[in-house]
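Structures follow.
Two complexes follow with chain A in common, the first pairing it with chain B and the second with chain C.
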Partner chain A sequence: MNDLSVHFEGVSKKYPHFSLDNIHLELPAGSIMGFIGANGAGKSTTIRILMGLVHQDTGSVRVLGHTMPAAQAAAKLDIGFVSEDMRLYCPATLAWHMKFMRPIYPRWDQKYAEELARRFDLKLEQKIKGLSHGQRVKAALLLALARRPRLLVLDEPTTGLDPVARMEVLSELMAVLADEDRTILFSSHNTLDVEQISDQITFIDRGKIIDSDDKEAFLDRWRRLRLVLPADGVVPRLPGVVAVGGSGRLPVLTTNRFDPAMVSVCTDQGATVQAVDTMTLEEIFVANVHSRRERLTA
Partner chain B sequence: MNSSMVKSLILKDWYFQRTAILLALAGGVVSLGIIAFGGQPGFTLGLILLVTIMVMISAMSVMGNVLGERENQTLAFAMSLPISYLEYTTSKILGNLLIFVPFWLIMVAGCVSLIVAGPTIHGFFAFAIIMAVEMLLSTCLLIAVALVTESKGWSISAMVAGNLALNVVGYLVAHIPGIQRGLFGTKIYWNLTATVLVVIEFALIALLLGGAFFIQSRKKDFI
Partner chain C sequence: MYTQYIDMHSDVVISQSDSRPMYQQIMDQVKQRVAMGEWASGEEIPSIRQLAIALRVSVITIKRAYLELEREGVILTQQGKGSIVAPNPGLSMELYREELTDRLEDVARLGNLLGLSGEEIACRTKEAANRLSEARLIGNGLTKERV
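After this line comes the complex of A and B, so read on.
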């Protein structure tokens, strides 16, 4: 329990047209979690509850050992937060923001802030209103990182960026993350972004956590099996099959519990395994969401 | 209460309102000059100008510091700092009052000095004090409504209501026998009626700001 940076237990929040339902979430210290969900899935609500900006109706939230939302001020001293809808003060410069934040955070690292400004190609005396969207995101990241937070919470930081700016932000983010151990929660609907920096993945859909695991475990246990069935053959019964696609004698099985032994099981049941395809995180996410939604509507 | 954090937020708000504060101070000094040296027409004109500047500085401060945070999407940044929402509320109430009240005190002191030192308008003293506190009350109404509703529409309504109330209260106060009696006299006039009215105004200010704190403390969604 003590080495969990974030611990949600049975957290619910009800709005007139949306509910966050019974969220259990554990983020061990030192890990980087990608928090993936479609638009409106509940990522931002979950993160706002984590930050104490929205109060949960039920359940408990502990962040860095602090009970939220009651101890949010103490918790936020150790959290760096950047969200897609966060803006800095337009009439002020980045240097003003740094000067403003320096006395607030005891671990504020001015040298590191200046180094990040160089790395991010940001001019300290330029007003925020003169920065591009990509530069503003980098400026917000700089201000979050220079406080040397124990927990970094990034809520869709790359949303709205053009592909070049997105890659720049991500590559620079990865470079600074390589500097030291940090606990990070990175939310996005873009699985490619999340895949690049995360070691843990959590999927959320329609207000519910639908799956959570190590990234490698996800990539290892999800497979697509392309089969050829004999003329009167039936689709083999395999564990963890979440979708059966293809057609007729050429079914495509998607499983979330792949085991190499499945190939021989298929062969034993008369099917020919044409291919065992690995799946991208995006394919895994989409298959996961579809199978859950189908189960709910069934 | 993290007072150093509250202080940082207040200083930040002052920094962003510094031009408006300086312009209002300059305008206020010009108004006092018109009141002092403009004769009877100058007294009326200067007073209207002074009231207009007070309304403007309270509106600009609240619109910029309270509603602007949400409109410009800087609220998420402010709330990512190590503060609770009550500390944020405290900083907004104190910050806006500390922008308005010093200006208000200087202008009221200047205005009262001119009334006291002027040749014929001494009787205006009690009325001026009551109306000055009424202006402070209007500003507190605007701060409370802006904080609680976070809505431009409601805040503008509160501003309009405050300004209308200024006229209505002015008319009513001027017609209260206890005030009317000395209004146009040549002596400084203060009585129990004036004291009661000022106490009621300060009680309403306390009620508005206390109410804003209470409602803010019960809010569950801040962004």
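After this line comes the complex of A and C, so read on.
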């Protein structure tokens, strides 16, 4: 159970206008990691390195025990990969694609593939070119899932899906985890999806991992404290404060190292704690990115 | 003892617009059902992974809810055997006590907002308690004068 399905150590890759800098990533088997970043943050480059599609300049990458990119052929038999720019063969049907995959992947599960087609409301005899965007995403996901890979790597799997299709996809991703040896890494900028199903969360911005933790710890660490200061009061000094908002005697502090004892620290310094707000993953992500960028430009 | 599998996922509802963390929503709903006797002690509850899949919620979130429920004595988890509702007759009072603590904190916070002192807040709380017992007496057919 404690095996790492994905392990990046000090991985860097330089491009003329972008570089991925010293990436560390650990994904235990049997869990789901949500990989969050703004557009152009480095999510897809990281995923391409993981798949051996792009070779890192420095650092080591191990996927399901295989060294990448050297052992990528062996690793890929066990990885199901779906990305937005992946093309299916338009003149052919979904059934044709299934028949094509079957002899390549030893664990191909035809019964499961047909069951998924029913659940995703896909017709086996329909040609790919007649499918909507959402149906194509679901078709690609079906082809990846039916191979029963030990690791699923999904680049933006829910982008552009309607709410019903999104729910169907999230349900199937969760169902994969019934088997404790199977692992999912998915990138998204939909923080709601990530917050709901991920065990591990990693934030990436401008080519750097800015935070990575298990979800419960993540959500527990971040709080917003709304204070009322006495007339001549000063804002209490608290650990992990990344932003001070609000105004004058009504400051709002955002901390990433919250501890319930902070409330009495504020009270001892004469401040009244009006509220301690939990934060959504989206708020945490935005606060995190802002504070990092401010520190860089300061 | 007769054990019955609880169809939990049809009963537990997770709300994304609820400001409480998801693990707390799960804990609260389990506790409420146990306190109301809907779920009897000894009954089997789904495994962590089963419930995670049914609710489409991270395994780690359900794990946390179960760990805290176990620590509070609401459920028992046996290694390799899954979890059951624990024998715990004191749970319902415990629930009300917890809720009272939460509500009192709200009262204190609102009082602070209005600039009331601790004594003033206590005084208002006492008044509220008096009003409630008067209302009860009237409800029982006793008027204030006759008491």
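Before moving on, here are some points about what is shown:
The rule is simple: the second predicted complex is superposed on the first by the 276 of 298 C-alpha atoms of A that agree within 3 Å, B and C clash if a C-alpha of one lies under 4 Å from a C-alpha of the other, contacts with A are read in each partner's own complex, and residues count from 1 in each chain.
What we mean here is this: a residue touches a chain if its C-beta (ideal position, glycine included) is under 8 Å from a C-beta of that chain, and two chains touch if they have at least 3 such contacts.
Just so it is clear, the model here is predicted, and its values are computed rather than measured.
Look at A:215: by the touch rule set out above, it reaches chain C but stays clear of chain B. When both complexes are overlaid on chain A, the residue A:192 reaches chain C alone and has no touch with chain B. In the superposition on chain A, A:175 makes contact with chain C only, not with chain B. In the superposition on chain A, A:104 contacts chain B only, with no contact to chain C. By the touch criterion defined above, A:89 reaches chain B but does not reach chain C. In the superposition on chain A, A:278 contacts chain C only, with no contact to chain B. In the superposition on chain A, A:55 contacts chain B only, with no contact to chain C. Interface residues of chain B facing chain A in the complex, by the touch rule stated above, are 2, 4-5, 8, 12, 15-16, 72-74, 76-77, 79-84, 87, 220-223. Residue ranges on chain A touching chain C, taken from their complex, read 30-32, 167, 170-171, 174-175, 177-178, 180, 192, 196-199, 214-216, 219, 228, 272, 274-275, 277-278. Chain C contributes residues 16, 19-23, 49-50, 52-53, 56-61, 64, 109, 112-113 to its touches with chain A in the complex. Looking at the complex, you find that chain A touches chain B at residues 48, 51-55, 72-77, 79, 81, 83, 85-92, 96, 100-101, 103-105, 140, 144.
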